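Shared between the two complexes below is subunit A, which has subunit B as its partner in the first and subunit C in the second.
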Partner chain A sequence: MATMRLSSLLGQRRNGQGRPLHWTDVAAYIYLAVGVVLMFGPVLWLVMSSFKTQSALLEFPPSALPFAQVEVTVPGQSQKLPLFRVALPDGTVRELAQLRRIGLIAQMIDPADPSQQFRVALDKREPVRRIALATENYSEPLQRFAFLRFLSNSVFVTVVATLITLLINSMAAYGLAVYQFPGKQAATLAVIGTLMIPMTIILVPVYLVVTELGLTNSLWAVILPGAATPTGVFLLRQYMLTLPKDLIEAARMDKASEWQIYWRIVMPLTLPALAVLAIFSIMWRWNEFLWPLAVLTKTEVYTLQIALNAFQGELQTQWHYLLAMTVVTLIPVALVFVFLQRFITTGIGSTGMK
Partner chain B sequence: MSDIPSAARPQRGLANGAAAWLGGVAALPVGVALQLLDPPMRWMQRMIGARRMAYVFLLPNFVFFGLFVFLPIGINVVFSVTGGTALFPSQRPYVGAEQFAYLFDCGSYLDPSSCREDHFWRGVANTAKFIVFQVTAMVLFSLVTALVLNMKIRGRGFFRAVYFFPVLLSPVVVALIWKWILQRDGLLNAAITTLGGQKILFFVDPSWAMFWAVFVSVWAHMGFYTLILLAGLQAIPADLYEAAEMDATPRWRVLIRITLPLLWPNMIVVIVLALIKGAQTFDEVFVLTGGGPGTATLMVVQYIYETAFSSQVQNFGLAAAASVVLGVVLFGLTLLQFAAARRKEV
Partner chain C sequence: MAELKLSGARKSFGTIDVLHGIDLAVKDGEFIVFVGPSGCGKSTLLRVIAGLENVTSGEIHIDGERVTHLPASERGLAMVFQSYALYPHMSVAKNMAFALENMGLKPAEIEARVARAAAMLRLTDYLDRKPKALSGGQRQRVAIGRAIVRDPKIFLFDEPLSNLDAELRVATRKELAALHAKLGGTMIYVTHDQVEAMTLADRIVVLKAGRIEQVGTPLELYNRPANAFVAGFIGSPRMNFLPAVVISDDGALRVTVGEREVALPRAASGLVAGTGVTLGIRPEHIDVAPDTGMLTVTVDLVEQLGGETYIYASAPGLPQITLRQDGQSQVYRGDAVTIRFTAEHLHIFDATTGAALVRP
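Moving on to the complex of A and B:
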């Protein structure tokens, strides 16, 4: 393994044979510790905040964990009442529910014995708070906004686009890797050429093409333009070039058709490269923003990313929904990361693309 | 597939687990569909011969490239030399270089407000400023991080994952995470007031808005560049370090004399890539600041997007002209990248 041969900058502490720590080691660990807080902290904060109630989110300074004030039902009262811990004049501390507030005085009631009422100064009471997960932040958007719609739009785009990308890019890669034919040079150059044309600079004309194809406000408008990727073709072609030619010749002897050679012999052998491309494609499609923003104008075809962006304008005061939806948007990526971290990092390290 | 010689198995151990997983899930329905394609393909092969099947395999991809890349490039040029508000090229009157003349009509190029299309030039100025700070910070932090991650430290895999994680997040999610932290009553302002400071309205102050645009962008993409540099560091032959160790060379000398010179080709790749991505900055900044306050963080791509799609008069011609300008800049940077890549191979 490369990591075994790898001698680090430090080189000296081989196999953990103890030498005293150099100051650079200490500095490195401090740097990494700060890094962990800076890189993970914000995401963690998002997730914790997404479980806070709307009122808890408005607190300043914010508490770390999702606390919520306890509310109790008191016999004889139609509404739930907030619970407070009250220091009474006789020195005892009791938990009382607040009936109403009049100026600086709160009228409190004992939940256990509703006949007992107290008048308490505001500064003598403290809310009783327990950790409570505001799961309604997650469940309510399902009914109030077409959240499931956006989710399924995003899933549809991601899955279909990735399948199309894998199919047509592997076909092109196979054509370029296996055959000698007139125009091969030109075809390869054309693929390299497209590598240099990012979506950002052909936004307007692609919009025209999509409009002419009658695809505006359809998910296909998001799926199709990016389906053929030069990076995908190159990744797969490089891999296919390493496959032994005899194998293909042997299959031809056995009267396999070219199409069969492609999908029964070459494709299975290319699976590792296909997997890398699939992971990239899923990432690209799930996170895609500028193009869908330009081409999707009707709410019912919004993908998650576009919906989130639209909501962050409309729901400025409703961070509790916005945060929860952000977490949901983040989950698939987090799962992909947890399970495939090693493949993604090797893939990026070896191809230099993302 | 057991009759395949072992030499034919994928040599690279890359993603074998992922491959098995993916293969298992996708194989059945996809397999059936692809099998159904065999008879027409066989017929095709009889008609044109096995060798020319290459064109059949290339066809779908090139239809896509043609429709969504080559054709649009042509249309973009047509758009940029025609006027009016129509979307269809034949309905647009030819205006020659007027769009470009309009874009470049400036009293002084150093002062965006002296330009007729001042938003474009503000975009250019902001993007330039953004690139200078962002690329510098990006290269610096990913270099330090890669050097640290290349040291013999415990939990290296974990730390590498930590720095890489944000790369996968969508720009919208990244922007919202930070917007939530940086808002008026957010976590950062809570920390500032606890330390006895005053709340800062980060998105009302132009300098702070630009600072956070750069910061968030570096936060999100640093892991990617760190990986490239880490790959470069791991490719440096170990004997060099062993020799240095025998000579008891101090670490800073090893760094300056061995590590950095040998890493230089990767550094160039990182710098050029960061420049190319930086010139196209849009999503994170757009969601984070909306280009504001005012036009303080308006980038070129946001200008193009808004001119074409969200302004009252959809000025496709002007947007296309601006994209042609951006395209020329990116083309120059890409040539730089190829030059750098060639140097790396030598």
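Moving on to the complex of A and C:
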């Protein structure tokens, strides 16, 4: 099904399916291809790099795929030895393991026949490399650094904050969209006006409030201050304004209380807008950095983003862990998009009318 | 099942007055139709009764209880909207059950009531469908069903048939009449279609610019309209209105119609010579009478419907005159015919106020 749709999509032409390519088709494909590279290039690079070993990451020139030098066990040697392809003076090329390096000379051993040893100049050998996935980039931080803890903190913050955001934003939007009251315009403008105040400006005052409430180093300090978003209120209000007024009046005639109208009529019909806001909220909360950094100082309440920051030291950055854990943090957001994106395009709006 | 009483109900939106003091009493079990041209305030009046709009002043009583400031949900009325306003995310059964759930009825009782209403409206097979999977007529019936299950004090209908095609409209109109006969509830119905009003109503309320022009049974309004507006609004084709001037009123009223002087064998007391009046005569009360004609007119258009014929004719200085003839007429376009008014069916209205001076 999906492939069929994809093939028919790729067959689209300006003058209808199956016609020769018009120059605008070519331009469109080039434009889209550039877009794909720009959007997915960095992500692809991130994923591939996250499987590289620390040494492979620092290699220059960089390789696209995660190569690693092959190491072999040689009888009589306690440690694994790196394997090299060596051009010997007699003209033959053999794969030898390196015992040790002394200056510009490497002492090599044949893994098949440990009795044979060779002395080889450094420029005569070349490492044997295979594609190898450094899965320890993932497993080690997950075990050693309590990354699962950070993950669950992030999930908690994201889920709870999104639920609270959806609830109180939709309630505010309902009030501003459905009721007539003096000062309604002013209230709406005030809500939208707060869009113009950046987080950095109110960071200190909000921090003081949170401290005063004794919430520092609690996940609620991250959840509560940003729960009411002007964007969300505005988005939902605009959507609710498009709902037919008759539906709400019909519900009133049907003896529904205001809460029931909100919960059983307006909320289900606002689902497409709620899905959009949910996606936004999940992205905001999952990627939030500055505010959690300010209020969370203890390791056990770190969210993923703050924990990632911990890999970045003053003197050295553990790139292999950082890249791998960045991939981990990307997965949930990607999944959310996969499952919620159909809601964005689904309109439920006016199906019961006329 | 209830009575409704409106006294001095006024409604203004800002500085615009929509209702100018409506006094009306609706009897228990009555089918009342509000009719009038668009913008006459009939829908607003219905919404005021429903409680969806508050009156600016005046009182509303239902069954003797004052409900003027009661919200819509507590008045115990049910309304069928022009757009049907079905909840798009609920099945037909859920749509009908919604109000009952809000009333706190037991699930078994709700199911029984929904099933009964569905059977009455032939919706039993569609109970699990969403409104978007229904035809216009079915949606209409769901909207009515949603009102019926409630067993409300009064049913309110806001132009419920205007979104249906002509054939379905006639069929649903008959069903509504049958439904009223069966349920016997008090119903208030708003329409701009005078045919719907005539066919459905026990009594019709004719509204114009926020005022009641006349209240009466369909035939009362048809036969004895209180003024030129009601006379013109009720009846299709419209009543003919001819400007005239009274010459004398001594046993037989003599008037000038256009350029002709016409003697009407009918007395009307109190008409002073020289008064400007409007003669009103329904199309079926004008005959083609070659010998005893009062006016000679030229035929502009003939509509042959088989069972009846409409003739549109004109005379110098007069508006177009419509005649209704039974059967098939032998009059053709361009013919000059003489016509005669059936004098006992003649209405005479004041030329300025439109008030009826002489009624048949």
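Convention: the second predicted complex is superposed on the first by the 275 of 354 C-alpha atoms of A that agree within 3 Å, B and C clash if a C-alpha of one lies under 4 Å from a C-alpha of the other, contacts with A are read in each partner's own complex, and residues count from 1 in each chain.
Note that in this section contacts are C-beta pairs under 8 Å (C-beta built on N, C-alpha and C of every residue); 3 or more make two chains touch, one makes a residue touch a chain.
A quick note: this is a predicted structure, and the numbers were derived from the prediction, not measured.
*Asks:* Check the residue A:Leu269 against both partner chains and state whether it touches subunit B (first), subunit C (second), both, or neither.
*Replies:* Once the two structures are laid over each other on A, A:Leu269 reaches both partners.
*Asks:* Applying the document's definition of touch, where does A:Gln260 land relative to subunit B and subunit C: first, second, both, or neither?
*Replies:* both
*Asks:* Taking the superposition on A as described, I'd like to know which of subunit B and subunit C A:Ala251 touches: first, second, both or neither.
*Replies:* second
*Asks:* Please name the chain, subunit B or subunit C, that touches the greater number of residues in subunit A.
*Replies:* Greater contact footprint in residues on subunit A: B.
*Asks:* Kindly classify A:Pro127 by the partners it touches after superposition: subunit B alone (first), subunit C alone (second), both, or neither?
*Replies:* neither
*Asks:* After superposition on the shared chain, which partner residues are touched by A:Trp45: those of subunit B (first), subunit C (second), both, or neither?
*Replies:* After superposition on chain A, A:Trp45 lies in contact with subunit B alone.
*Asks:* Where does A:Pro75 make contact in the superposed view: on subunit B (first), on subunit C (second), on both, or on neither?
*Replies:* neither
*Asks:* Is there a shared patch on subunit A that both subunit B and subunit C touch, and which residues make it up?
*Replies:* 244, 247, 252, 257, 260, 268-269, 348-350, 352, 354
*Asks:* Residue numbers of subunit A touching subunit C in their complex, please.
*Replies:* 244, 246-247, 249-257, 260, 264-265, 268-269, 348-354
*Asks:* Can you check the complex and tell me which residues of subunit C touch subunit A?
*Replies:* Against subunit A, the touching part of subunit C is residues 50-52, 71-74, 77-79, 81-89, 98-99, 102-103, 130-132, 139, 146, 150, 163.
*Asks:* Which part of subunit A faces subunit B closely enough to touch in the complex?
*Replies:* Touch residues, subunit A against subunit B: 2-3, 5-13, 22, 24-25, 28-29, 31-32, 35-36, 38-40, 42-43, 45-46, 49, 58, 60-62, 163, 167-169, 171-172, 174-176, 178-181, 184, 187, 190-191, 194, 196-198, 200-209, 211-213, 224-228, 233, 239, 242-244, 247, 252, 257-260, 262-263, 268-276, 278-279, 283, 286-287, 289-290, 293-294, 305, 308-309, 312, 319, 322-323, 326, 329-330, 333-334, 336-337, 340-341, 343-350, 352, 354.
*Asks:* Applying the document's contact rule, which stretches of subunit B touch subunit A when the two form their complex?
*Replies:* Those residues of subunit B that touch subunit A are 1, 4-5, 7-23, 26, 30, 34, 37-38, 41-42, 45, 50-58, 60-62, 64-65, 67-76, 79, 87-89, 144-145, 147-148, 150-153, 159-173, 176-181, 185-187, 189-190, 193-194, 219, 224, 227-228, 230-231, 234, 238, 241-242, 244-245, 251, 254-255, 259, 269, 273, 280, 282-283, 287, 301, 304-305, 308-309, 316, 319-320, 323-324, 326-327, 330-331, 334.
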